[in-house]
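Chains here go by letter, A, B, C and D, matching the order in which they are written, and residues are numbered from 1 within each.
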Amino acid sequence: MPDAPNPPKNQTYSYLGPAGTFTEAALAQVAEARGQIWRPVNNVGEAFADVISGRSFAAMIAIENSVDGGVTATQDALASVPNLRIIGEYLVPVNFVLVARPGTTLADVRVVNAHPVAYGQCRNWLEKTLPSHGHLPSSSNVAAASALLDTTQADAAIAPPGIEKHHDLVVLASNIGDNPNAVTRFVLVGRTAELTAPTGADKTSLIIELPSDRSGALLEMLEQFATRGVNLSLIQSRPIGDSLGRYRFVVDADGHILDERVADALLGLRRFSPKVIFLGSYPRADKRPIEFTSRYDDGIFIEARDWLRGLVGGEPAE
Amino acid sequence: MPDAPNPPKNQTYSYLGPAGTFTEAALAQVAEARGQIWRPVNNVGEAFADVISGRSFAAMIAIENSVDGGVTATQDALASVPNLRIIGEYLVPVNFVLVARPGTTLADVRVVNAHPVAYGQCRNWLEKTLPSHGHLPSSSNVAAASALLDTTQADAAIAPPGIEKHHDLVVLASNIGDNPNAVTRFVLVGRTAELTAPTGADKTSLIIELPSDRSGALLEMLEQFATRGVNLSLIQSRPIGDSLGRYRFVVDADGHILDERVADALLGLRRFSPKVIFLGSYPRADKRPIEFTSRYDDGIFIEARDWLRGLVGGEPAE
Amino acid sequence: MPDAPNPPKNQTYSYLGPAGTFTEAALAQVAEARGQIWRPVNNVGEAFADVISGRSFAAMIAIENSVDGGVTATQDALASVPNLRIIGEYLVPVNFVLVARPGTTLADVRVVNAHPVAYGQCRNWLEKTLPSHGHLPSSSNVAAASALLDTTQADAAIAPPGIEKHHDLVVLASNIGDNPNAVTRFVLVGRTAELTAPTGADKTSLIIELPSDRSGALLEMLEQFATRGVNLSLIQSRPIGDSLGRYRFVVDADGHILDERVADALLGLRRFSPKVIFLGSYPRADKRPIEFTSRYDDGIFIEARDWLRGLVGGEPAE
Amino acid sequence: MPDAPNPPKNQTYSYLGPAGTFTEAALAQVAEARGQIWRPVNNVGEAFADVISGRSFAAMIAIENSVDGGVTATQDALASVPNLRIIGEYLVPVNFVLVARPGTTLADVRVVNAHPVAYGQCRNWLEKTLPSHGHLPSSSNVAAASALLDTTQADAAIAPPGIEKHHDLVVLASNIGDNPNAVTRFVLVGRTAELTAPTGADKTSLIIELPSDRSGALLEMLEQFATRGVNLSLIQSRPIGDSLGRYRFVVDADGHILDERVADALLGLRRFSPKVIFLGSYPRADKRPIEFTSRYDDGIFIEARDWLRGLVGGEPAE
């Protein structure tokens, strides 16, 4: 089993740019990425295309937001682009500032430029502080801020903290997010490669399509995990998109595919589901060891296989 | 049990405007709304505020899209605004046209104005037809189109069919949505009121918070339905928002709260969950009768209660 | 709710006789039976006929033996005789002595008279001590001993301790049972009557027929208890007898029918099963209070019903 | 995989004797036993001792009776004697005759000699025809009949049909069993040996001890079968015997240990249970092919293992 992949020098990492985004902050947490080439891209599709084509060694993308739930574009792209593998997980606290051109005051603000997600996360503050403002949607948090310098359509923008270091803007208000504990979860995605060794604090990400020919399918899917003592830290339904009522689920399970109980759950899922996508087993961002009862230890699984092999081979019955 | 509420004359219905949206098309399906006052609003929050304040009798809002899944803003608003009740369900086929100022041709299009959801639903067509286009996000499908007349930032816009009847625009391409079967599900939301009688083809909408103190909670929630033979046509996870890993579920169950098996499932959910929100029991848009096995007939539930009452009262044991 | 039934003077209690049986020892534990008429009978059928006809107020019968499992004749009789109700539970330690006519020694013993169940419970001791003995089956433990005085077919008999007080016999060996912790569970059975009040340390006995038209029926039966937090202290399968593979189950559940969680489980069982026989709710012999998690408290059930009633009546949704 | 074991000439088969028992009728169904040595024994313990010591190649024993349920002595012996293996299953219709010494008429019968099980199966007939008879218990059906010739303690005996061919007795009444469809299930038990090949109409017998440290253990045991689509044709609880409330279960599962779904269920059981005894996989007496849904085909299990092996080895993710 190899160690974590160690990229050669001058490898490229794609991320949702431009500089200053939360995604860039996530990439800054990757030790191996320091001193390498960082390539800003416009959306998840570009990021994955970089990885698949080999232009980039890996891409950093947002996958879950404690306020908004799964980042659906990412989840759907992971379900449709083959040969990707999640190789790491990173958490970034999410907070926002309101910025404006120098000379602007809060009282001047009529229209706020903001990415719809950021706008949603600051709604309470905005409604209280700027009750009569209008919203101009933007394609990214950084673009909202930089657009202030190009056009006067908006008077202020919602942006990540630190944006004032990249642009000639002033901060009108800080910590304007409605939830002070908001955090966004990012994953580093590479091409399918050898597995890294289990660390005891791992997570396995899967996308599982439910069979549509029977009721109770979600119940049955969850039992595949429960009967092996595998806890889930994320479960997110996504429509498959061909008709109402058909779903796939994005799931994060505690443990590593090389843990016996996880491997056995994967076997059960594969037998049950028309389509299971293994997105990877990788260390948790919080490095917290996985807890599970001793009845699901690797040794228990191995002993049972030895016992069955003995029975089938004709050894004594017990 | 009263019949479907029959609003007095000159009642107001709120909907996500302006005229020409899919939401307006949904409202046009409501027989009782004909000849009444239709009030366009900017977002779900305004629509619900109209209902709660009494300014409107009811509001039409999108709740599920076969391509994009749950409309999360609606779902979150339903979870946080009390005293609302869904009173009807409506389906609108979703398709899109590409419109432009008269004189524009497809070859001229560099920047496309579009609501992010509509943009996502036309991505395949756009990438094939306009591979080098840019995207200008808009706050609604109709706003994207009408903005063409105010500014030249964009050359074309994605809009609902029929938009050319409201604005001086030409259609460059029709049926540009990636999924020809796409449909959006809308609900008509009023204030809490008396239940309408079951029709045999009903749906019950719920929001259920999972207890966080034990694993397997989702499994346990689903069993509350399965053990009463109640099928689910929608299940959508939403983060509660106070920390990663805590979820509530938006659920549509087959049947009416006055059906015994649904009522019993509600009892089980209430005992199990820290918070269950009953959003309403209402006729399905497709009017398809609910199928369930005879072992979950009302009569079976009533007979069992009679039997238990007999036992507790001291009647013969069988 | 009445207190435990208080029989008038000169009531009759039936028990499997003759004097000296373990069943008589169980009856001796019943405070209310002291000074009343004790009527020895030959088998369970007679005992129940006494109760049904009114000849006896109640009958004491063995229902479970820690070594031999369910006493099947009793269980089958309870399943077929209507209008019976278990009103109390009693435990009797089971041990055996080997008795003989005066003058006999262990070395003289060739044939041992014994009820087949008692014989089975002393087999280890017999094989070690009397390796070449023969077995003469008897219809009861006491009959085996008393037959020694009538015939010389057997040289010794297995009997309950104390038998030498009733008959002119000597004890050749004591404590000859293979399991020193053996205990037999008896129940006092009366006619269907008013329930006695819950004590917090109660047991509910049921006989539940499984539906035969679907697999997984036993699983489904157990879920009726599990989903209400009701533990089982006894589960015993019995063939229904009309064909191989059809079963009913004798079940002892923790708690009283007037406990909400038990009542709700009974409702679920009644809806699921073609036949449920309620045998009674009565105080446990060991008086150990029932343990259950607070989520199954009576208050939780009552609150949920109030909530549902509010919804159905049109009160606010939450 | 070997064919069914083909014993050399002059092999011995043990059975519960004497000649004329239902067990002998079961042995007569075994093609391989024709012309071999048949050894009558007195009880199950002797039969198993013959097999373990090598005195006999195999032993025929009753294991389930449609009226009386599991033959508990057999089930308990199978749970405690190691290195046994069930190699075949046989069904014998069970019916009874009432026999007497020549010259006796029904009107003369005061005392009936009968094995307690046979007596129980004829009780209705006896109570109707001979309402005032007494019962003399016997150790076997054949012994009851032959004792009529040695002693006059009884006037008649319950015996298997055909007994009059072995003894100078007359038949007073035929078909006196209460259930005309009664059948007893026998198994042929040998020493642990190589498995025989699956036939598509196989049965797997197991004894499974429940873990005692958690509630819901029986539910969990049943789920091991249900989640692999394995039906059970027998489930019989037996007390473990060291204290009240501890159980093991005797289970017959549809299918062969070499069927993937059965093997996987065995793995799950072994991981879950403190003790699983594999008693054997063998052809069903009724030769009825096992039915199971295609989602549990061998191919599904094999494909899932190949898929997992690919993932662990670093192959593409899907």
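One rule holds in what follows: contacts are C-beta pairs under 8 Å (C-beta built on N, C-alpha and C of every residue); 3 or more make two chains touch, one makes a residue touch a chain.
A quick map from chain label to UniProt name: A, B, C, D = Prephenate dehydratase.
Keep in mind that what you see is a predicted model, and the values were worked out from it rather than measured.
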Task: Approximate Å spacing (C-alpha centroids) for the pair subunit B, subunit C - done: 57
- [ ] List the centre-to-centre spacing of subunit A and subunit B in whole Å, with centres computed as mean CA coordinates.
- [x] 26
Open item on the list: Please tell me the distance, in whole Å, between the geometric centres of subunit B and subunit D computed from their C-alpha atoms.
Closed with: 59
Open item on the list: Among all residues of subunit B, which ones touch two or more of the remaining chains?
Closed with: 223
Open item on the list: By the document's touch definition, which label belongs to this structure's chain graph: line, ring, star, complete, or other?
Closed with: ring
Open item on the list: According to the definition already given, which pairs of chains are in contact?
Closed with: A-B, A-D, B-C, C-D
Open item on the list: Which stretch or stretches of subunit B touch subunit A in the complex?
Closed with: 64-70, 72-73, 116, 120, 135, 137-139, 179, 181, 183, 185, 215-216, 218-219, 222-223, 226, 231-239, 241-245, 247
Task: Touching residues (chain side subunit B, partner subunit C) in the complex - done: 82-85, 192-195, 220, 223-224, 227, 257-258, 263, 266-268, 270-272, 275, 277-279, 295-296, 300-301, 303-305, 307-308, 311-312, 314-318
